[in-house]
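Just so it is clear, A, B, C and D label the chains in written order, and each chain counts residues from 1 on its own.
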Amino acid sequence: MATQISSKVQVPIILVNFKTYAEGTGKKALELAKICEKVGKETDVSVGVAPQLPDISLVANAVSIPVFSQHIDPISYGSFTGHVLPEAVKAAGAVGTLINHSERRLKLADIDAIVSRTQEIGLVSVVCSNNMDVSAAVAGLRPDMVAVEPPELIGTGIPVSKAKPEVVSGTVEAVRRVNPDVIVLCGAGITRGEDVAAALRLGTKGVLVASGIVKAKDPYSVLLEFADAMSKV
Amino acid sequence: MATQISSKVQVPIILVNFKTYAEGTGKKALELAKICEKVGKETDVSVGVAPQLPDISLVANAVSIPVFSQHIDPISYGSFTGHVLPEAVKAAGAVGTLINHSERRLKLADIDAIVSRTQEIGLVSVVCSNNMDVSAAVAGLRPDMVAVEPPELIGTGIPVSKAKPEVVSGTVEAVRRVNPDVIVLCGAGITRGEDVAAALRLGTKGVLVASGIVKAKDPYSVLLEFADAMSKV
Amino acid sequence: MATQISSKVQVPIILVNFKTYAEGTGKKALELAKICEKVGKETDVSVGVAPQLPDISLVANAVSIPVFSQHIDPISYGSFTGHVLPEAVKAAGAVGTLINHSERRLKLADIDAIVSRTQEIGLVSVVCSNNMDVSAAVAGLRPDMVAVEPPELIGTGIPVSKAKPEVVSGTVEAVRRVNPDVIVLCGAGITRGEDVAAALRLGTKGVLVASGIVKAKDPYSVLLEFADAMSKV
Amino acid sequence: MATQISSKVQVPIILVNFKTYAEGTGKKALELAKICEKVGKETDVSVGVAPQLPDISLVANAVSIPVFSQHIDPISYGSFTGHVLPEAVKAAGAVGTLINHSERRLKLADIDAIVSRTQEIGLVSVVCSNNMDVSAAVAGLRPDMVAVEPPELIGTGIPVSKAKPEVVSGTVEAVRRVNPDVIVLCGAGITRGEDVAAALRLGTKGVLVASGIVKAKDPYSVLLEFADAMSKV
């Protein structure tokens, strides 16, 4: 039951955040993105990638899967040296962006302004949150998606969907109450197909994953396991 | 129909933010707080004050009206040199705090953590917002109050309750949908009694005001006008 | 008397900051960089460009002149979603970076850490400053270059080299006292060849320029005028 | 050989940072400050205290030793809700301020502006730094004092003056080269009198200390040991 978010993005989705890992930088970002594209084609599961800003065009020119920015700033054209212009990441090939990742927390007023900017220029917005209340708050800003990730589980291999299922289902419920149009993803500690399946059964429409794929010995196999699990729920 | 928020704070309220105005610093903060106390006693309208951090104890020791901090940080006892410990402002005599004022915008996750800290130690939380969507977001964090202030009107003398009544009533409505327990104040440009009355008629429980009182030639007269208008709605 | 800073960068230099101007984003960044390259070849004056992060690889793959990042963060490979990894901008083709631009001011400890990172991986560092004292401070961190730009003149068309020559010559002197190896550039308000000539006569080794070129009706003519003036000093 | 920095502050000095420790908040801040005053009187060694912002007036009204703020912002009177106005901490009784503590790192341009503000209104400036290069940078801004504290040693009980004597003496030397008028303190891990003596022998004019005193079982005894050691160098 795939739902189209934009012409390029559909859910359920496995969204792979390359962070600033060596395994996801430069040429390796390109290789990893091609693996993600391959799994997407083989399984018919939507797989998206979020490489670093300097790698967006490299990746977007080489693959047909959706490419996300890891961050954008609440700015328009002008004098903002060193900031991330939404139009620039779009021109480079991004179709969406992460916002407020736990490693790049933003001011509330800026998250609101960034979500507005994504709507103006046509980028899919995925706002990260750290708990149920913050997810409810984010839903009030009407982004396309909220990705709840308890920061204490990020990078641990302890999956949020097993360790804190109540945070995931509670977020799904809290977000629905505020704005039923907002899609919920979850992340943190996801390393196996069953974690992905659990996430979907708890009411999410996908996962945000980083080290579980990017730092895996064999990213292809792990991502294939994720996609298989997702397609069976 | 006064409602008690805590043992020291009730609404409707006129909350006077002293900012870092010369007219609200040091001894002048003390004088101004005494004027606020006087008007409160004479009119039986609740008036609160938010002096600067170094002036909290000076003011709180001298007046019986509620004293708010202008800011606290999302911290507990520990190694946080130069930050604002909630316990320290409470010990100095504050009964509540502003959070996320437009001149001191905070990260979403920090606002959430600060609201939690106020609940732990018993401070009344007043989270500022800049528009309806952000007010709805704030309501998701379950503070005691949201104070909506369109930043473009702050300090202008153009009252939000007249220039943008739809922002005020829209905020009241949006907050009620998310969490009907959260009280709404409004602010920006309020300089006359009729602006205060309009704010209450739009569904708020009071106003957040700064230059309109602090920089008035005769703060006593203006505040009295505010209080009279409030008591008649 | 050209001096080689690295294999790719020499001074005197005209360094063109594309900011987030529409005229310097995406395909227009590419066109503008080609104009800069053309002037550099025609005049034998060193011209560098600083496009936005998502445009670095696009530009660097198309031109042979030095490409700078507008910003990098004080990080190494790891979990830093949404931050700018020095290795990533280098992999994309940058040979240097602006640091602490007035529109992207940084913490002192972070500037120090960033300069160290540039030295580790071989990027030319250009740290911006706003006055003489801050320039002297920056020189203590031993970057390759300091670019002094009084913020009140940026974008005004009032050239620092004419309006505040004492800030330029004072910076040259103050930096020399702290560390004579650090090269001084200046910027702000530079729109004509004579402003560039004045900057060099005051002891700098070049200029940092943005709107004067990027938003010029005919960037080629203005840059040619700059380069001619520079080659005659 | 005491040197007078201002009418209220002289070096050598033991400067006790109360941080946001429970043992240094509210009434306990007052008790601790009185202990510091007692030791100062008994030994004729200069002891200063840096309590939290809401405790400055409480402490300054009760003791005659110099009271420092832990932080101030680069602002003047105006609309800066929640920020720390230099005039306000002075009015509350502070005679100086810490700037850029490792737990409250600041932008370079802001440190410069804060140092200027302290000079305008007559507060003693103590700018913290994390290494030799940053200390040299700070010296370029001409504060009254630089306090070098390797962050990795803060709170460890491993004294900088023993573990990294070369950082201390190197800082003394680097600062002298840039500006011989700037006084050097050091801090981090100082828990015994001999650490203080070592700091002075390395060329500093005192120590910045926190947990070593504030969290000591018997602050009086430890501070007395510090002061005795200082008076014998």
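The working rule: a residue touches a chain if its C-beta (ideal position, glycine included) is under 8 Å from a C-beta of that chain, and two chains touch if they have at least 3 such contacts.
Treat the numbers as computed from the prediction; the structure is a model and nothing was measured.
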item	value
Touching chain B and also chain C, the following chains	A, D
Number of steps on the shortest touching-chain route linking chain A and chain D	2
Farthest-lying chain, centroid of Cα atoms versus that of chain B	C
Between the pairs C-D and B-D, the one where more C-beta pairs touch	B-D
For chain B paired with chain D, centre-to-centre distance based on mean C-alpha positions, whole Å	34
Junction residues of chain B - those touching two or more other chains	102
Chain contact graph, described as a line, ring, star, complete graph or other shape	ring
Set of all touching chain pairs, with the criterion as stated earlier	A-B, A-C, B-D, C-D
Residue ranges of chain D touching chain B (in the complex, touch as defined)	17, 19-22, 25-27, 50, 52-58, 69-71, 75, 77-85, 87-89, 91-92, 94, 98, 101-104, 154-155, 210-211
Sites on chain B touched by chain A in the complex	100, 102, 105-112, 129-131, 133-142, 174, 177-178
